[in-house]
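The following pair of complexes shares a single chain, chain A, combined with chain B in the former and chain C in the latter.
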Partner chain A sequence: MTQQIIKSESINHKRWRKFKSLKRGYYSFILIITLYILSLFLPLFINSKALVVQYEGDYYFPAFSEVIPWVSTYYDGNMFGQDIPGAANFRQLQKSWDDSDNWLIMPIYPFNTFEDITNNENRMYEPPSTTHWLGTDNTGRDVLARMCYAFNISISFAFVLTVLNFIIGISIGGAMGYFGGKFDLFFQRFIEIWSSLPLLFVVIIISSIIQPSFALLIFIYTMVNWIFLTYYMRAEFYREKSKDYVSAAISMGQSDTKIIFKHILPNSLIPVITYFPFSMVGGILVLVSLDFLGFGLPPPTPSWGQILYVGLSNITKWWMVFSPIMAQFFTLLCIVFIGEGLREAFDPKIYSRLR
Partner chain B sequence: MSDTILQIKKLNVVFPVFGGIFQHEVSQVHAVNNVDLDIISGKTIGIVGESGSGKSTLGKAIINVLKFTAPDVRVNGDIILYPQTDNAINVLKIKPSQVKLYRSDVQMIFQDPYSSLNPRMLVGDIIKEPLNINTSLSTMEKQDRVAWLLNKVGLNNEQANRYPHEFSGGQRQRIAIARALATNPKVVIADEPVSALDVSIQAQVINLMMDLQEEFNLTILFIAHDLSVVKHISTEIAVMYLGEVVEYGNTELVFSDPQHDYTKTLLESIPHPDPVGREKRKEERLKLERFSM
Partner chain C sequence: MFNYVIRRLLLMIPTFLGATLLVFVILQMAPGGPLEKTIMQIQMGSTNGGGGEGGATSSGSTSGAGTLLPKRAIKELERFYGFDKPVWQRYLIWLGVWEREIKHRNLTFKSGETEVKKNMGKRRYAYVKKNGAKLEVYDKEGNISTLWTARFDMDISDAEIINFEELKSSGKLQDIPKLEATIFETEYSGILTGNLGKSYTYQQPVIEVMKPRFKVSILLGLTGLLISYLVCIPLGIKKALNHGSKFDLLSSAIIFMAYSIPGWAFGGVLLVLFGGGSFWDVFPLGGLHSPQEIWVNLSFFEKIFDQIHHAILPIIAWTIGSFAVLTVLMKNSLLDTMSQDYIRTAFAKGLSEKRVIWVHAVRNSVIPIASGIGHIIATIIAGSYFIEMIFNINGFGKMGFQAILDRDYPITMGFLVIAVIIRLIANLLSDLALAAVDPRIRFK
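For the complex of A and B:
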């Protein structure tokens, strides 16, 4: 009989296994991650620029230029012998090249987020059809294209916001718990004052003075949202540092940084990790509501809140109400499922409610 | 040859108590009160006393971790390591050049083996940690040392790749002992190392500690409230009561002829294995004595 050496499973590995066994959360996780990664390459799927153009023996890749940041995205109509001012219209090109040697391949869904009624083909308030799957909005922009790009922006916004909040909240909360004393006292009072800042008013005031941008909104929300994480981290650090393994680390002369990052931090991250998806949900909702109120990202940016606003002011155009609500509903549902699965996987108690 | 390795002079540990609206100091708790102890090299000193008598605080003062969990604590007095050499280390006023020696020569075994090992680290890494900090061994040498230590405490080398939660309480305490011994310490403070364990496991761990003490010529400060354990392991015994050492001497002597009233009460509180039988035998003995008269 051969002796088999079983390598021990770390706690995190075990948790990941448990998370995987909770199908609802795991599939939601796979779905959201896949969709988000795909949405980073959206210009290749939903775009009015062609993927490949073969024009008089030369090859052009206009759609790819939007994925690669340092390449110019502008393709003049004259380049392809098109007699229009400004940028090339590839959909028209495709029609006009039907019986010539030149050819081009359009993306699966050949509309982009910004083309409105200035382009002759587009109509306002077009109901869903085989060309515009979710219709067009009040300026003739394709709703589906805007919905998809808005998904990317929403998730990116929520993710960046959450990650920044976590970094700041964990550092300050952890330091409060670890150093204690005067440092802790000072930050507690500071947080009490700071958290009474009326955030929505601040956003409204700032965005009435300067045009809000992605970075500015993130900055404003990070200024206040890191606070709630410090509560968890401070308490966790206080609890963990009183445990004997930390005393043992001190008694062997371990440095403060090593004690924080090697001993205390890995053992105190559980409540904040399980909070992560719910914080993402919060971030998405923040952006939607700001856009809905008109204090969000500057106008041509595709956003669910803006589509919803247009839809609600033209309530008979049901597709503009229906699509952002459904998109939000399913995205948030998936993220909540992920959060639920994570919480279950990190729960030391075993119960099979979610199986 | 009386060779003092650790000298405690007039040690006072005071925890201030805050209260009132402005959180000012309203009173103090004298956890350790004017303690003088000379600890002889190579002996096992049992420190006994009821809960709250300051024995754990004394141990924590010696490894200098009190400030960390209670920043307001006031520790006064002297704790001197190697007092008879030129290289005497005053623990409370330690010079930066001495930290490494002090941190490798004085180690602690904690009471609760469930909280004294970091649950996120492999057993091998836990034992390796003091080696990483205080020695300059190569990776291979560290590996060998870990294997050797695990062997010494009765575990095998493969268990280095496991996590603490896969071990029983007794095994965890063995791991903690291996970690404490990693840097070849001279003084080991054992803070109730067996009180969290089953009685059968207690005996194993205590015998292990006694063997290791003999082998490494350790000086062990054995803090406990279980007198029978202390009697078994220690050569000297210090009885603490309300933060003071009320009696200090050879274990046999203290047990057979306690001087202080508190020691007497403490010794009487040791439960007898057969209390009913003890009463019966006492009566019979008295009867016999009367009969023979």
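For the complex of A and C:
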């Protein structure tokens, strides 16, 4: 008789299977992850620099220089025999090299986020066309290019912000619930003060004083936003601490650190994960709002909020209103779907039907 | 219950103080405040410097364009904006528990003088006597004045002030020609006495600036609130009763969309579509009523129509903001209730479906909605500034936002005070509302 060991499926594996079976959430998840990974290599798809240049027998790879951080991204016009001051204009090169041995391959969408009207062929407020798919903005920059780069920035921002919020919120909330006493009381007062402030207003005040960078904006917003998880974690730790297995661990003389990290945390952490996507939605919205008000990332940074602002101040330039709103809308919709799927997978509620 | 409310109200005091102190300190310590802004404006020679110049212009403008301001003028500006005191004192003054100095007048001691008679206007005179490094003020009867206080207003030490004459004659302190002092009245006036200060930009008391704008926001917010409740609660109930049906799925799609687009951004879309840009010209672009010159000639009913016409888009945008959350909350809460045992019991004993749903289930499932009311009231204030910005409505939120841009600290703080108070009271309200609909909850 052969002994067959049937390994029972772990709870996390079950959850993952359940999540995968919810198509809407699962496909959204794959879509967002793919798009985000692709957006890390955006300079290869949307860029005014050529992918490959063959000039007088030598090969150059200008676009790749932007993906590799330690390589200089500057290519002088003189390098390719172009008679213009400053950086090379590859789109012009492509035209002028039609009947020569030199050749180059442009990325799929040959515009970058920063070229404005100072580049001779760009014009302000061009409506969508086959050259500029989503038109150009108030300084002649290509809207589609800016939108795509903004996608990368928005997701990165929301992700970093959410992770930081979670780390701080979980640690402080957990410590409040576990240790209780004066520590708990102090932070409860503190949180009450924080939560009575209009937080966006405070962020705007701070951003109006110091021009925020990516890191600073994350810092400011983490400062005001970590509290929302503490409520949940505090209650969770408080409840878990009174359970028998924790008493058993204490009576065995285990240290606080071990009890917190090995026993309680894994038990109370899982439901928190379902908040993650919704917190990311919040992060993206905050960045759009702040950029819209002009208190977000410093000006030339591509951002949805900034495009939206230009669009709404020139109401006839509809493409600058619809594009960012649609982009934001679909991104958020995907993330909400992921969140919904996660919630379903982690916390399956079976509602009894009336009849 | 009564005790509970009292205790909650008392707990609000430290929270309120903490919250306002925090923002006050951030504002006051910030570089580029109103003081720097005004100094810069004067030095740039700008004549229309919108920032509050108020009582300080006279000394500032004499210095002329493009030149550095004299020390004296900077000092007066500092005094005007209240920056001549340490931060903690400024906060206490702002609260109204520390003396605020008002109606400053300058006076100088000529060499050898120890007493100066100062004309304080309205035929009143103050007699200021030098006593060491301190100044004493007497009225004309020779009693110590209760109205005025005086002090030296110089950058030298007390010892130098006392021995000013000797130091002067021995050739030191060449750049200081004479002793300068200031005489002023004091009063207790701060937010505790209902004085929120005077706006730098509007040159009006903060309360006067806030009143009309607050009305606008409340009107907009309450209408939006009412509409979203009227839509969301029935919708949520219908969705819960038909859980999994076509109607449920279809409305869920709309709810997901509404959740993924913030109300103000949706307002922007509406504006582009219906505001007469490139598409349809159905609704006005912004404001709360037509321009003044048209508005005054309208009849009563035309005015009402005009106002509604202007308010439709902002209110839709406002409602969208809370639409998704409220509906889902209502639906889930009712679904939860429907799976409870007592509902099964009610069915089992043969009650009609209508009675079970409307009398037994719905009543219990509005509990979470009731507890959300405080939060929603709070967002009337917080959420409104984007919508007010987009639709160009002169509301409370837009005022607060503009105040930050203009470095108008009295308005900024006034906005904050109102927002914090509303939040605190809204929290209490939602707890009370919870107790009102849920008899199981008893606060002690």
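Keep this in mind: the second predicted complex is superposed on the first by the 340 of 355 C-alpha atoms of A that agree within 3 Å, B and C clash if a C-alpha of one lies under 4 Å from a C-alpha of the other, contacts with A are read in each partner's own complex, and residues count from 1 in each chain.
Convention: a contact is a pair of C-beta atoms (placed from the backbone, for glycine too) under 8 Å apart; a residue touches a chain by one contact, two chains touch by 3 or more.
Keep in mind the model is a prediction, meaning the values are calculated, not measured.
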Combined model on chain A: chain C and chain B, fit or clash: fit
Angle at the Cα centre of chain A, taken between the Cα centres of chain B and chain C once the superposition is applied, in steps of 10 degrees: 90
Touching partner for A:R189 - first (chain B), second (chain C), both, neither: second
Touching partner for A:H13 - first (chain B), second (chain C), both, neither: neither
Which superposed partner A:V288 touches (first chain B, second chain C, both, neither): second
Partner chain(s) touched by A:G180 [first = chain B, second = chain C, both, neither]: first
Partner chain(s) touched by A:I206 [first = chain B, second = chain C, both, neither]: second
First, second, both or neither for A:T316, with chain B first and chain C second: second
First, second, both or neither for A:R123, with chain B first and chain C second: neither
Touching partner for A:P266 - first (chain B), second (chain C), both, neither: first
Chain A: partner with more touched residues, chain B or chain C: C
Minimum Cα separation, chain C to chain B, after superposition on A (Å): 8
Chain A residues within the chain B interface of the complex: 5, 7-11, 180-181, 241-254, 262-263, 266-267
List of chain B residues in touch with chain A within their complex: 60, 63-65, 68-69, 71, 99-100, 102-104, 106-108, 110-112, 115-122, 129-130, 133-134, 158, 161-163, 165-166, 176, 179, 183
Chain C residues within the chain A interface of the complex: 14-16, 18-19, 22-23, 26-27, 30-32, 241, 243, 256-257, 259-262, 264-266, 268-269, 271-272, 275, 277-279, 285, 335-336, 338-339, 344, 347, 353, 381-382, 386, 389-390, 400-401, 404-405, 412, 415-416, 419-420, 423-424, 427
Chain C-touching residues of chain A, taken from the complex the two chains share: 189, 192-193, 195-198, 200-202, 204-206, 208-209, 281, 285, 288-289, 292-293, 308, 311-312, 315-316, 318, 321-322, 325, 328-330, 332-333, 336-337, 350-354
